[in-house]
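Working notes, beginning with the structure itself.
Chain nomenclature is as follows: A, B, C, D, E, F, G and H, assigned in order of appearance, with residue numbering initiated at 1 for each chain independently.
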Amino acid sequence: MAEERIIAAGFGGQGILMLGKLLAHAGMMEGKQVTWLPSYGPEMRGGTANCNVIISDAVIGAPIVSEATCVIAMNLPSLDRFESFVQPGGWLLLNSSLVPRASTRHDVQVLAIPVNDIAHQQGSLRVANVVMLGAYLALSQAVRKASVITAIEDVLGPGKQHLLPINLNALDAGIAFATKVQV
Amino acid sequence: MKTVYQKSAGLTGVPMHYCPGCTHGIIHKLVAEALVELDVLGRAVAVAPVGCAVFAYEYFNCDAQQAAHGRAPAVATGIKRVRPDNIVFTYQGDGDLASIGMAEIVHAAMGGENITVVFVNNAIYGMTGGQMAPTTLVGQPTTTSPLGRSRLGQGAPLRVCEMLATIEATAYIARVSVHSIPRLNVAKRALKKALQLQVENKGFSLVEVLSTCPTNWGLSPVDALRWVEQNMIPAYPLGVFKDIEGGT
Amino acid sequence: SPRLGPTRSPSVVQASPPPSPPGSAPQKSFLPEVIFEENLCKGCELCITICPTKILKLDTTRVNIRGYFPAIVYNLAECSGCASCAKICPDSVITVRR
Amino acid sequence: MAKKLMKGNEAIAAAAINAGCRFFFGYPITPQNEIPEYMSRELPKVGGTYVQAESEVAAINMVYGAAGAGARVLTSSSSPGISLMQEGISYIAGAELPCVLVNIMRAGPGLGGVQPAQADYFQATKGGGHGDYRVLVLAPANLQEAVDLTQLAFDLADKYRNPVMVLADGMIGQLMEPVEFSPYHPAFALPPKDWATTGTAESGGRRRVINSLYLYPDELENHVRAIYRKYAEMERTEVRYELYDCDDADVVIVAYGTTSRIARSAIEKCRRLGLRVGLLRPITLFPFPFAAFDRVVDRTRAFLVVEMSMGQMLDDVKIAVAGRRPISFYGRTGGIVPTPEEVVKQVQTLLGGPGA
Amino acid sequence: MKTVYQKSAGLTGVPMHYCPGCTHGIIHKLVAEALVELDVLGRAVAVAPVGCAVFAYEYFNCDAQQAAHGRAPAVATGIKRVRPDNIVFTYQGDGDLASIGMAEIVHAAMGGENITVVFVNNAIYGMTGGQMAPTTLVGQPTTTSPLGRSRLGQGAPLRVCEMLATIEATAYIARVSVHSIPRLNVAKRALKKALQLQVENKGFSLVEVLSTCPTNWGLSPVDALRWVEQNMIPAYPLGVFKDIEGGT
Amino acid sequence: MAKKLMKGNEAIAAAAINAGCRFFFGYPITPQNEIPEYMSRELPKVGGTYVQAESEVAAINMVYGAAGAGARVLTSSSSPGISLMQEGISYIAGAELPCVLVNIMRAGPGLGGVQPAQADYFQATKGGGHGDYRVLVLAPANLQEAVDLTQLAFDLADKYRNPVMVLADGMIGQLMEPVEFSPYHPAFALPPKDWATTGTAESGGRRRVINSLYLYPDELENHVRAIYRKYAEMERTEVRYELYDCDDADVVIVAYGTTSRIARSAIEKCRRLGLRVGLLRPITLFPFPFAAFDRVVDRTRAFLVVEMSMGQMLDDVKIAVAGRRPISFYGRTGGIVPTPEEVVKQVQTLLGGPGA
Amino acid sequence: SPRLGPTRSPSVVQASPPPSPPGSAPQKSFLPEVIFEENLCKGCELCITICPTKILKLDTTRVNIRGYFPAIVYNLAECSGCASCAKICPDSVITVRR
Amino acid sequence: MAEERIIAAGFGGQGILMLGKLLAHAGMMEGKQVTWLPSYGPEMRGGTANCNVIISDAVIGAPIVSEATCVIAMNLPSLDRFESFVQPGGWLLLNSSLVPRASTRHDVQVLAIPVNDIAHQQGSLRVANVVMLGAYLALSQAVRKASVITAIEDVLGPGKQHLLPINLNALDAGIAFATKVQV
């Protein structure tokens, strides 16, 4: 039974919760079982945020991820906190624009992506999360790109369709970067 | 060279958790300075509310009790009746004091309880994420009044000072603001006077301080100060509403 | 709703005049001192707005341990030592001496 | 309708509206704020009314008035706020009014914390208020169930003229899962509200009174006995639970809501280790599925109760098992959600070994 | 021969349980007559308090709900929001409204809830046997202020009308008495006006009626009426404190 | 001291003063008004303070403040008022403050009636408030015991820094019996209140904080576990009960407070009829005397639980008996006090005959 | 605190002029009628005090079903029919016709 | 084991609760077990009142009297309500000043005493209850007259000793009446 368990973490403003929602949304559209669980509480606003996403073929029990197939760390505190959650052989995606250090894990696959810089090139820091999502798409079979694109369209809604291009470009940039380094 | 200004000894120095530019921090400083200048810090007991100021017990450099939401005046009454020589003050938000805690504040005032209330009015529920408060301005959008508070069905902002000033046993009721240095100086004098009256066993004193919530107002801290001046003060006129000593 | 910051002891950045060369005029030392407990700063810019002489700014070249651009004095010579900045600072970052 | 990805709190609110609830009275508290916020946004669109009460005490009494006037009405809160409602809930049960209460539990006691907990079980099921009364308590374990049970809650409330509580926790409230809304139909024929205070002109002259005062003990006893006949009927008709992998289970885990999901994951891990473990998941906490235990007690060697509390449902399990099998308990509290791994360890120690 | 006065059709005719000469009975009559004369009895819903008037639901000849102690305004809000066309009024004692129910009454007023409140102030807790109320006069002995209410520590009587009149969304606030026929006639006009304003959706209206408690005051019913005139009215001036229509 | 004929309510109030309680915060409610009335009369004479709170909600929070300031403090109420105190009681337990609560139970639910009842057992013993906490509950059956237990309550509260409740009913509150007051001495050495908020000047600089907020789950869990270690200690040390005529009893009646007195009279009648009946009377309801049942279970043929409720303590008896013997229940509610004759009938049907 | 009285239907006592003899002047019939639902009376004397012409009293020769001395008119001729007694009566005992 | 179980009932103002208290008080002073239980609740004030008194050599269980050794009825409603409570052979004392009818019980001893009239002769209606108490004393061995007198003294307290004579006279008048009719 295939089950993808993702932890995505970063600063409040980095759209990390949205990244997770897009994944869950995409998974749902592919008829998969999905859960999305955010950190919450007063200490969250303006502070660090993280979410757990599970995409599975079977009914999902615990929605809290203790053994992650992939951890996405958008800043250093997130890496410090969640590095150990990656299961052996799993993925660790770092935002190298903000994370100064390399991973200390040798039993996992690590990919460092300067998502802020890439997003900057794409024209807005605010799509950094989508760049990271693209990178993830390139490495994982969890969901199809098409589903993610529909998810983005749905989330933007009729009002914000003008933001679609920049998001799609960001997605592609992320995919491109990840595939490049993979090759 | 002499020190013109430094962190008050009335504060523990524990870094405060408030959002950037939130004036809760300024109000904490003023209260702390007043306690030090009146030389009552050592016998002061703070009563922390439920609200963003819940951690006030970490910040004021004196003993403290954390009270249930809205009940700080009752808790303060309990403390003061047991230890009349302590200087007991509550620090309460507008949801805490003007909504769920309305009965407690009115009755502490009615009983002329010899306590001091610092009432921080930021026209919103900060801690829970920006819901409507009884003090929310008409037209002000919040997460539970998405189209803005409407007079019809939600009424007009509650003016706590004006209401409590009608109660005979109150000693001092004032509304101040901290959006500018001159205002901030007035605010400090009001807080000192309120506490001084308690020292003199004159009875119930309350100082309402207009405050900001940049995070839930969706404004920068600087714009939030302006919003206080331009929108809140017209709805909440500053001034002294009750002073048993007649003066202002 | 509040962010719970770290409580490590902050580093201090002092905006005070350079040590005066021997024999130079003493009046320099009448310049006020404006000291920032920089790691407490949240970059809210209230001090910057309130300063009558507009000599404060955020140092956007670096972040403090809490991830904020800290406020600094960039033109102490104009400082009147009025301490408005210190008074308005919600986080008691600033000490002013004169 | 198509599936929608929704937060638990919003799903519950949407379900209420779908079930015809047009009135919400409540007061903000973490971690359930999305419920009042959703209601304040969506109710006006369907001609409904959102009132932010000055407190939970006021909220529950507004619910009393609205329910007495014949409306489908909802309030929601979290642990400390529910404590403040206890007098009001006792009044509503005593006056036999239908309403739905949601408690998105957080950690206590006192101000405690805002993270998930299950430590209000006693309060919800035994009656935190005064006097002889019970609240029908539904405990969803996933969001589709939260939607379905919330809608059912309104029907049950109307059927029994008794408060019905949807009892969940911060995790379920904050969680997002796909949910589906089908057009609402009552689960069964509902009695007419011929007791609601509509004014004598509309009701045709007979005065209607909503009341829980009976100064004469014999009258009050009759009244209470009549209410308890309804509870007996609930125990016959409304008991809901789920048995999972119990047929061959050496250990049966008893858990509801969030912890039942943790248990499910733990059971899969156990099975992979060759440990025969099953789950008994109460869905109605009152009436409690006592009879369900008779179906598994002979086969199983032991019960393991898992709660996010220091042990509350444990009491009902003890009553259900009545000494026939050993019962052990694993509880986390303070806002900590146990991991499947922790539960597996408990099973291993119970069965005296890492696995088969 | 025409009938000058007879029992109101607004009352059920169930003999009332009040002590001999208790003016609760008179106030019931006035409310009932007002409902009949405004022709709203058929759509009226009474909210009974916890207090001696708890059985009001037996006496008013309309639908009724019995509310938890002090919560009548919240219950009335629930009813009115569900059925805006009903005429919803609460009948509350001074312990019920001014003590435990303070938050509820203030917020019903703040919200401009379109309900009418009949506030029966007898300066004591009647039903429970004569304990001190927030409205007890200074010096008045009760079973929990055996030496008389003392300003020091127990404060001064709470003037509910004066306090609520400071709230913007209120439509009509008046204090009346029933100790004489002329006063009784004024009281009835006030009650009619309050209900009429609700019919016109003008918002929150409250009429405070000074009332007697011969049993717990330890006075004959006749002396109790005098006590109202001589002791209560000086502490609780009669009059209209708020009228959105400007008039009196 | 000589015996005095006193009302139960006044005896409890006098006992509190005798035990050094100088602060009372409360709100009137039948049938316990003699407590606040006595306190308002007598406290000033001994330099104490009576405050009539605006509500039970305010009263319990005044108690919180006063207890936090180091005082011995009492509040009392009856059922609906106690319901309003549930949030506050949870806070007091969470902040580990000592105080004594008196509940003179009346019939519920809702406004119910003012006559005696025992239908707040769940609320008192399981925790009507939110979160993991317990109140130590003492149930006197006569006025001398009411006096002794009230005094003990203050000592236990101080020892465990936990609220202690004296749980009685309208009959015991209104009853007059001779009581004796001996000069008060603490039942055991009491810990210093080195946590009370006296101001740093007096305490010597170290700040003192009364609080129940722990935003971090691990901290909160540790805090709760520490509190539960106190409860475990109570279960070891504080369990109190009475066995009466149990040695040869075929039927053991389980009853507390008022109903235990009815049971005693019933037992005498039964004995005269040659029926061997005994009484197990819990004095501490929490901690509940589970072990006491082991002492009688082998000898007895059945248990008969008698309560003025629809069956609440019954749950704890089921847990205690754990299926070893049949348990039957006889309850009256609504303010009705069962007669000895009714109880005798129950015994007769149990033993299948009018007598030997 | 209230006494819960019986709710039996009360007996009516009418203070009205004696039937006028045939052919006598009609103006007698202009005398008001003051009717008491006597069993509702609690003998509180409010009507007696309020009556401007002081023509009411308690009949201390008998008690009603509730054990009270009922109020009566002892001098109807003086009655102005002002209905003050009826208005003040807390228990709606009195009906006045004119 | 000797146990006296008394129900005393009448109008609120008739001092019926005091009558019971005096009995309990006297019993206590004789070292007996005693209980006194009043009716209570809002419906009581100004209405009918009653109390249950038990005087016993042994520990008292139920303080509610279901089988009375003596019922004292100071008015008709009290007789109607409590007549049936008298145990066979027990006493039924009626205030014949206010109770128009005779008892319907033939298995109990009935004594009708015009206590109001006697009290009136003694100078105050307010001692009617003490007259009745005297009558009871003449018929029962439950407590000694001396103890009752002390009880009266205690209850009057230092402030009201001037009322002692009229109370003692009332007591004697009651005793006298009861003994007279008994002879």
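Operating definition for what follows: a contact is a pair of C-beta atoms (placed from the backbone, for glycine too) under 8 Å apart; a residue touches a chain by one contact, two chains touch by 3 or more.
Predicted model only: the values in this text are computed from it and were never measured.
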Chain by chain, through touching neighbours only, how many steps does the shortest route from subunit B to subunit G take?
-> 2
Could you see whether D-E or E-G has the larger number of C-beta contact pairs?
-> D-E
When centres are defined as mean Cα positions, the distance from subunit A to subunit G in whole Å is 88
What is the distance in Å between the mean C-alpha positions of subunit A and subunit D?
-> 34
Would you kindly tell me how far, in whole Å, the mean C-alpha position of subunit H lies from that of subunit E?
-> 43
Where the centres are mean C-alpha positions, what is the separation of subunit C from subunit E, in Å?
-> 61
Residues of subunit C engaged with two or more neighbouring chains = 1-4
Specify, in ascending order, the residues of subunit D that touch 2 or more different other chains.
-> 30, 54-55, 57, 80, 87, 91, 95, 110-111, 113-115, 211-213, 215
Junction residues of subunit B - those touching two or more other chains | 17, 19-20, 52, 54, 66, 68, 99-100, 102-103, 106-107, 127-129, 134, 154, 215
Given the complex, residues on subunit B that touch subunit C span 1-8, 11, 13-26, 28-29, 52, 55, 126-129, 178, 180-181, 184, 214-216, 220-222, 225
Where on subunit F does subunit E make contact in their complex?
-> 27-30, 33, 36-37, 40-41, 50, 52, 54-56, 80, 110-111
Subunit E partner contacts - residues on subunit G that touch it in the complex | 1-7, 10, 29, 32-33, 37, 40, 42-46, 49-50, 68, 81-84, 86-92, 94-98
Residues of subunit D touching subunit F in their complex?
-> 57, 79-80, 82-84, 86-87, 90-95, 105, 107-115, 117, 119-120, 122-123, 126-133, 211-225, 227-228, 309-310, 312, 315, 318-319, 322-324, 332-336
Subunit E residues touching subunit F in their complex are 50, 54, 66, 68-70, 95, 99-100, 102, 125, 127-129, 131-132, 134, 143-146, 154
